[in-house]
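What follows is a group of structures, each given as structure tokens.
The following pair of complexes shares a single chain, chain A, combined with chain B in the former and chain C in the latter.
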Partner chain A sequence: MNRTARHGSTLVVLALLFLLPVVVLVLVSLAPGWRFPDVWPAAFSLRGVDFFIRHHEKILMALASSFGFSLLTVAATLFMCLLPAAVFARHRFPGKTLLEGLLLTPALVPPMTFAMGLHFIFIKVSLADTIPGVVLILAMFSYPYMFRALVAGFQTMGEDYRICARNLGASPADILFRVEFPLLVPSIIAGGSVVFLVAFSEYFLVFLIGGGSVPSFTGTLFPLLSSSNRSLAAILTLIFLFLPVLLFVVMDISLMRAYRRKGMMSA
Partner chain B sequence: MKRIALTLMILWAALILPVAPAGADDTALQHLPFEQIVEKARGTEVRWYMYGGWAHVNDWVDTHVAAEMKKRYDIRLVRVPMDAGVFVNKLLNEKAAGKQKGNIDLLWINGENFKNAKEAGLLFGPFADTLPNVKKYVDPASVTHDFGYPVEGYEAPYGRAQFVFEYDSAQVTPPADLAGLKAWIMANPGRFTYPQPPDFTGSAFIRQVFYAVTGGHDQYMAGWDADLFAKKAPLLWKWLNEVEPYLWQKGRTYPKDSATLDTLFSRGEVAFGMSYHPSHAQSKIIEGSYPATARTFVLKDGAIFNTHFTAIPFNAPNKAGGMVLANLLISADIQLSKYRPDQWGDFPALDISRLPEADQKRFQDVDLGPATLGSEILGPVAVPEIPSAYLEALEQGWKEHVLDK
Partner chain C sequence: MSWISKPNKTTRPIRLMLGLSPLLLPYLVLFCGGAVLTACQSFGVLTPLPHAGGVLDAYTTLLRDASFFASFGFSLWVATASAFLAVAAGAFLAYRVWRLPGRLAPLSLVYKIPLILPHIAVAFLVLIFWSRSGVIASVAHSLGLIREMHEFPNILYSGWGLGMILAYTLKGAPFAMLLALALLARFDIRQIQTAAMLGASGIRIFFTIVLPRLAPALHTGFIILFLYSFGAFDIPYILSESRPGMLSIHVYNIYFKHDLARRPEAMAILTLMFAFAVVFIIAYSRAVSRLENGVRKL
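After this line comes the complex of A and B, so read on.
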């Protein structure tokens, strides 16, 4: 009894924190003229929805592009971090703490500080205004999230599986891809989620390096957010919110299934 | 070790080696008859970089202008939303890195961004005077200068705007002049504010006050005069600081841009909005953001107007396409559709009296809507923009003498 009551109040708080703003967004998207002191909008209009429907091709295209380069960024950071993370989790060497600190700095300094200089270099090596350029710059400042998650993953996993597999005659590649990689999936998901969100919501870097040739959802959304068209901004924000949530739900369900099938988790 | 050294050397070489300079193609383009330019551009893609914060303008470009470009010239128009300051920076970087083939074909630009771009050699030109529609319909005297800076054919006129105030006629009666506005602000604390310069609209507001409290615009038209500025600017700071305690939030903070002011006005938090587009209020009524009783007014002391332009970057991959688009934008059909408040409501940059009579009639028949003032009211109070050196000094001075004082 006591427990259900406590759950109830938790749910109320969560609903207030997460659902109420969404309700407000939905209302604003349908009532751009909603103004103080009206508690409920006085008039509804479908102009924002109408604009969205007329431009859905362009907006969805931008959304697909953002989704695509964000996933590629996750893959790039994974590639960059897998082996360094293994070394950091397993070995001690002089200057390790210092090096680890240095490796984490891109997440701490504002991207502005290095982006302008990198833009110049990217133009020189013809990476500016291309998707590989955008993926690379995003990976360069979001990899610390992946790195941290992987180091933690390797540490949790310990050395036993690897030693065991080696004793059974597995090659280093086999150990990495067939033993360690599956065990690391939870860490990859954790790090990858953060990297995905960072890449997906980045505006400035995509804008600068993509130069308008790489469409992005934030590039479509931000000018409208700073304009006074509140209903359109609300609609796009809802989409912005919906896509990552959808991705996480799909990922969560498919992971659960995979684990259950392998019997790695009790049903 | 050797390999690392080699990689570094290659990188270094890539960074310092100059890229081949642009060919003679560009100069040829400036002397080609326009029909041949059109032929060159047919079937290509034109990328137009422009401010993207106005949904109705985006809409108009994506549907109307894009359809006309496709129909008349079989050119695919791609609109890319990017602020003018950002693309000027992008071009500066590309220039410095020697990139001769960019990805921008046309820019929507004016004022200090144009000046900075032209001075840094970021623009292709002169091209504007070779465009047939510019030759036929534009009064050359009206486009010689952009914020006091000579245009010299490096940008083609595209639209005209004039500063107006907005109010809700169901709530307040607007003041007639600047003195009246000051009295109103002091009598109604917390109900007036202006966007923080260097926001485009807020900056225009303080320029208007500057003209009004220092005795008119004529004295500034000759160009930058440091002594004059030092003598006159304190009068502006005094006026602004006198009203500051009576502003929204007691003047401790200002709306960061004109869109924020629009929102404050649409929610009824402040009594006056302002816009550099005379038909902005009408568009907002149609959009449903402003009450149907919203109207606009100008102060007797003057209302600044300016012309906005399109320009072509030095490294545009499709300069011919950019010229075709710039020419189409200043055609009677496009200017007319742009003029209609349900499309955009931007004022035409061409001289209507130079049009054939049937077209003149079409312009006169446009219903601007009840919230937009006619040219009989806007015309007499129109005052030109200040040279951009003053503009920059005013924006800096505002921060020092009003915001941070």
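After this line comes the complex of A and C, so read on.
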């Protein structure tokens, strides 16, 4: 087969599957009245945008809340996994393979199955309808991504930096925070991005544990999806797409700058 | 105390436990504890209302209920179909993306879009595209394939869960691609060139050289995607048809829409789902490792 045609068809398929939906979302957000059988909207209007501007306070509040509890979830998973990942990367002990398998299961079994059991206790200990409660539940099934990234990070780092720092007289806390932590940042970002996305896009568990009290962006989007206000739903979906992308790009650039400043990367 | 540590030395159990505790404690209390609480409530213990009947009442009710089995079978079908399609599409697309020349490779990053979109947004996209008044129907109309809206096949309400399968596949294929591309990054292209020089066709290269190498990533992807589709709530809540419903919707209805007396029933379904997931993980990993033992490693 002709090579150019093959590569071209690959890109066309990718664009049809993954890019076309975004284009259609942009059209839906600008054309609330777009209906069958028009392939291209008959008229454009800013009604959806207008609606968004009028309700921007409530929407931005929900967005900020989602952003906040997602970042807290990343922090919680980092706290949970940092030391255990070091142990897993460096030590051999009986039952390690089994324990690793067990520790990865929360990402696999349906989170409903343990979250709904916990719900009752969360109500009793007043964790239901609070941000800490939501963060705990989200962290509980997203931490395996952080854990795997950190174990891999510790393994690539090896033991040399730590031994060297210790020989130069660094305390264990110094070693962890001033030597190892900066070297782990790429792994933390890799794992953290997945954890962030899982937390940011979850609907049901935030609704279950957060009740109505913890506003979330998914919770705001959800009722709009099946309503007649498709434009607003499309606008919110687009925000959903571009905000994390923006976050990742900013993080990537600042990380690259920081490394270059420290001379850890060839310019 | 030695001042040079040897890698992989055996450490005293207490220090080991201390190092693992930030993860082990939440794991035992929240994950295991949560699962145990779900099971307890399915037996009528610790329920909001005192449970009057026997310990296994909820289970006997379920086992007599044909709609439970219908839901279970339906969930299995949706999960199997969507995970298989996502993994197959993901493997194929990953291979094609990997073969792209360097200057075109950045364009292929669009595949990450559905990874970022939440499940409910992907369900929304399926509604926009595949409903009878959707984009695909409009395109079919302008091509002259259909004249009226109702001539377009009723994909979203066919009774086969096709809408959910489409949504899970769209969301899952990029995930399978991500896993496959990570393996392909370390794959030696000369193997493919040699095979091509020896006269292997493109299809043969894909199935006999590339696919076996991708197998570990694809198996992992299948387990993750299968269990997610099996037990998740978000997509079915938007795209499910009334009957048979997914198990998660069944649980939701009993939990929120019926009186508290039926709480054990919801919990019994969740307990069975949990048990099924665990059995599935073990059985699938065993089957894969047995299969791979019989395969010649390059």
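In the analysis below, the second predicted complex is superposed on the first by the 244 of 267 C-alpha atoms of A that agree within 3 Å, B and C clash if a C-alpha of one lies under 4 Å from a C-alpha of the other, contacts with A are read in each partner's own complex, and residues count from 1 in each chain.
Just so it is clear, contacts are C-beta pairs under 8 Å (C-beta built on N, C-alpha and C of every residue); 3 or more make two chains touch, one makes a residue touch a chain.
A quick note: this is a predicted structure, and the numbers were derived from the prediction, not measured.
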For the overlay on chain A, clash or fit between chain B and chain C?
-> clash
Mind telling me which of the two, chain B or chain C, contacts the most residues of chain A?
-> C
Is A:R35 touching the first partner chain B, the second partner chain C, both, or neither of them?
-> both
After lining up the shared chain so the two structures overlap, which partner does A:M116 touch, if you call chain B first and chain C second: first, second, both or neither?
-> both
After lining up the shared chain so the two structures overlap, which partner does A:T97 touch, if you call chain B first and chain C second: first, second, both or neither?
-> neither
Return first, second, both or neither, reflecting whether A:N167 touches chain B, chain C, both chains, or no partner chain.
-> second
Could you say whether A:S45 touches chain B, chain C, both of them, or neither, answering first, second, both or neither?
-> first
When the two structures are overlaid on chain A, which partner does A:V125 contact: first (chain B), second (chain C), both, or neither?
-> first
Given the touch rule stated above, what does A:G211 touch, chain B (first), chain C (second), both, or neither?
-> first
Re chain C stretches 81-89, 117-125, 153-161 or 189-197: the one overlapping chain B is 153-161
Residues of chain A at both interfaces, chain B in one complex, chain C in the other = 35-36, 116, 120-121, 226, 230
So, in the complex, the side of chain A touching chain C is made of residues 1, 6-7, 10-11, 13-15, 17-19, 21-22, 24-25, 28, 35-39, 79-84, 86-87, 90-93, 102-103, 105-118, 120-121, 136-137, 139-140, 143, 147, 159, 162-163, 166-167, 197, 200-204, 218, 221-222, 225-226, 230, 233-234, 237, 240-241, 244-245
Please name which positions on chain A make contact with chain B in the complex.
-> 31-33, 35-36, 43, 45, 47, 51, 54-55, 58, 116, 119-121, 123-125, 128-129, 207-208, 211-213, 219-220, 223-224, 226-232
For chain C, which residues count as touching chain A in their complex?
-> 3-5, 7-11, 13, 16, 19-24, 26-27, 30-31, 33-41, 46-48, 93, 96-97, 99-101, 104, 107-108, 110-121, 123-125, 127-129, 132-135, 137-139, 141-142, 149, 170, 173-174, 202, 223-224, 227-228, 230-234, 237-238, 248, 251, 255, 266-267, 270-271, 273-274, 277-278, 281
Write out the stretch or stretches of chain B touching chain A in their complex.
-> 14-15, 47, 49, 51-55, 58-59, 62-63, 80-83, 86-87, 90, 93-94, 96-99, 102-104, 257, 259-260, 262-263, 266-269, 284, 287-291
